[in-house]
Amino acid sequence: MKRRPIAEVMLALGGLITTAAFFMAFLWAPATVYPDGRINFSQKIFYFHVPVAEASFLVFFFTAFYGVRFLMTKDRRYDVMARVATEVTLFFVLLTMATGILWTRVEWGVWWQWEPRLTTYFIMTLLVIGYFVLRNSVEDDEKRATYAAAFGILAFIDAPISFFITRWVESIHPVVLAGGESSGLEPPMLITFIIAQVGMLMLGYAFYQMRLREEELHERLEALKISIGG
Amino acid sequence: MDGLAWRQFKAILRKDIVMELRTREMVTSMGLYAILTMVVYQVALSEAGASLDVRLVMPGLIWVAFIFMSLLGLNRSFVHEKDQGCIEALLLAPIDRPVIFFSKFTGNLLFLLVVEVLSLPVFSFLFLQEQQGIANPVWMVGLVLLGASIGISGVGTLLATISVNTSGRDIMLAVLFVPLMYPLLRAAVGATFAAVIGGPASAALFWGWMAWVAAFDVIMLLVAFALYEFVIGA
Amino acid sequence: MEGAGRDTALEVRDLSRAFGVRKALDGVSLEVPSGAFLSIFGPNGAGKTTLVKVLTTLLNPTSGAASVCGLDVVAEAVALRHRIGLISHNPLLYPDLTAEENLLFFADLYGVQDAEERARELLEAVELDHRRLDLTRTFSRGMLQRLSIARALLHRPDVLFLDEPYSGLDPHAMDILDHLIAQIRGEHTFVMISHDLDKGLQLCSHALILASGRVVLYEERDALDEAAFKETYRATVGMGVA
Amino acid sequence: MGDIYREVLPQAPYVIGAYGLIWAFMIGFVATVFSRLRRLEKEIAVVEAAVKRREKAEA
């Protein structure tokens, strides 16, 4: 019960901070220009696209983490946590895909390009969807939990590949978080980005906790019904 | 105890080979599938005409054939354990779970390699002109086959154990397996391409891709091995 | 053989097995002496199969402890597996291997020393020696069940688990199975899951009724009032299946 | 100023689309989860009351 206020505080705070970042992105952060001097308005997508993408990687980590915890303890709560984390991952993954596609349409003139980052991220999307397809096709609760944990751990291996691929191989996808001079972000841009990132992670945490609470209530209801039935 | 584990490993592998020789279930269906794929490729490429250098697309095409072919074989490899409930008898025996993994993995690897080695000459016979040989030594292609097949069998053995317990097991294996295999597949196509096309930088390119294959094999085999005990006991 | 001196074959203490809110076993305790024949009755979902799975090391208990032949089901699982055998309603045999190959395969898994001799001996005992080179694919249900008894006895287990061994058998095959069980009765402890009340009672020395994961009744056969027992059993069938 | 409009306007729908999608998704997610939470809490209250009534009846 104690977790609930934290989730709501995080939700309110995350909402506020991301809204602030939204205004900062359009009113404060300088616009970038193309080499020929035209204004690059589509770059504004970056302030939310990247935080959402980073959040998806981070939440996906918890799928694998709770998967390991589940296999070690066989405690059903960890299975619920892993599943909820994967749901939130799917949510962020879809948002990343949608905003990314809009950006590539403006920037590269195409809706989709098979380049390393997009391809590996697309694969990660398929893996997250596969996780739920797998869950839906196993009858037994414990089997489902075990298989999902195992697959979640395997699937997570793709996340770091997708994250680092733009640094390993030639890719036309911009590398933002390279650090050093190559990132090329002016301080107001960087600050705006960091604030958006912090807000997004808070929202991610709030989403996760809210869904978890829903699952807990569900469980309590089941238990109550069983206690009445017996 | 080690002696017993070795005896168990041999027993399971021998049983799978004997049963395969008797029914030829996996090898026949995989081989037929490979040949059918070639027919489909012929149709797919028929409008490209003579201007197409088949060698450019061949590395990709053979891996498409092999990945779907391996799906077919992997699916079969656990069906006979499951259908008669034999998996229960296997688990009831005093056998360390990793032994089951390694014997099943070895069997799958063996069958996969047999079909690959048999279908590759047919493939080049049907699609390559005589003067279009493979630029680099053939053993390089063999090395890719071995490296990629290890990864395919390793992850495939784990996923087949999962998918055999799900409803709609055939499609389930594909849904889980193909995306997980992407990095390996990409590297295998890259390495095969380097081996087939050749050129001054091809050796470096080849070994670069092979390093990816090796890294994938090591990571995935370790993870699959660690997870197997949980999955098969579930 | 080592277990012959012990007088307790099964010892189950406050055993529970749960996943989430659902409890398959809920505080089961019982003790079964060596050489006994325990029949487990109960409606579907009562926890019979779960109990046998825990005792055969296929599932770990959530809480409580259980031991078979003095060996703990969790800590000494591998040693325990050498001492138990299972005869299920599935034959648990590979249809594309011959009868002999099947037995030799399982002999390898258990590390049986004199494998070929032992297989020959058991094939004779179940009267299948004339079919030993035939694929088990060609066997009838009854023959398969006989061969599966040979498979379960290969490693000379102390405790035999029977999971509804009679289901799906024709009357003739049932007679043969009766006869075989009677033959080996003296050398083993038996634990049988049964849906057939009469058959289970006829064979057993101890009877156990489970419902909703709990022990409803556990008594020795001799002390049992059959009519009252059947009444209790019928009452459980109506009990809630969680 | 005219330049800015000429450069920004063609890109604007995509940028607005991206931010609109994000906000819509997030608000939709929060709203559905909250409504489900409320329904669950109501349901639990109902069942809990039933449990209490039974306990009283038994006592």
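In order of appearance the chains are A, B, C and D, and numbering begins at 1 in each one.
Going forward, a residue touches a chain if its C-beta (ideal position, glycine included) is under 8 Å from a C-beta of that chain, and two chains touch if they have at least 3 such contacts.
Quantities reported herein were computed from a predicted structural model and do not represent experimental measurements.
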> Which chain pair shares more contacting C-beta pairs: A-D, or A-C?
Replying inline: A-D
> Going by C-alpha centres, which chain is most central here?
Replying inline: B
> Taking each chain's centre as the mean of its CA atoms, how far is chain A from chain D in angstrom?
Replying inline: 17
> In whole angstrom, what separates the CA-based centres of chain C and chain D?
Replying inline: 53
>> As a quick test, compute the distance in whole Å between the mean CA positions of chain B and chain D.
In response: 45
> Just curious, how far off is chain C from chain A if you go by their C-alpha centres, in Å?
Replying inline: 50
> What are the touching chain pairs in this one?
Replying inline: A-B, A-C, A-D, B-C
>> With touch defined as at the start, can you tell me which chain A residues reach chain C in the complex?
In response: 74, 76, 141-142, 145, 219, 222-223, 226, 229-230
>> Can you tell me which positions in chain C touch chain B when the two form their complex?
In response: 56-58, 78-79, 81-82, 84, 86, 88, 90-97, 101, 105-106, 108-111, 135, 151
> Considering the complex alone, what residue numbers of chain B touch chain A?
Replying inline: 155, 158-159, 162, 165-168, 172, 175-176, 178-180, 182-183, 219-220, 223-224, 227, 230-231, 234
> For chain B, which residues are in contact with chain C within the complex?
Replying inline: 3-4, 7-8, 10-12, 15, 18-19, 22-23, 80, 84-86, 88-96, 233
> Contact residues on chain A for chain B in the complex?
Replying inline: 71, 119-120, 123, 126-127, 130, 133-134, 137-139, 142-143, 146-147, 149-151, 153-155, 157-158, 161
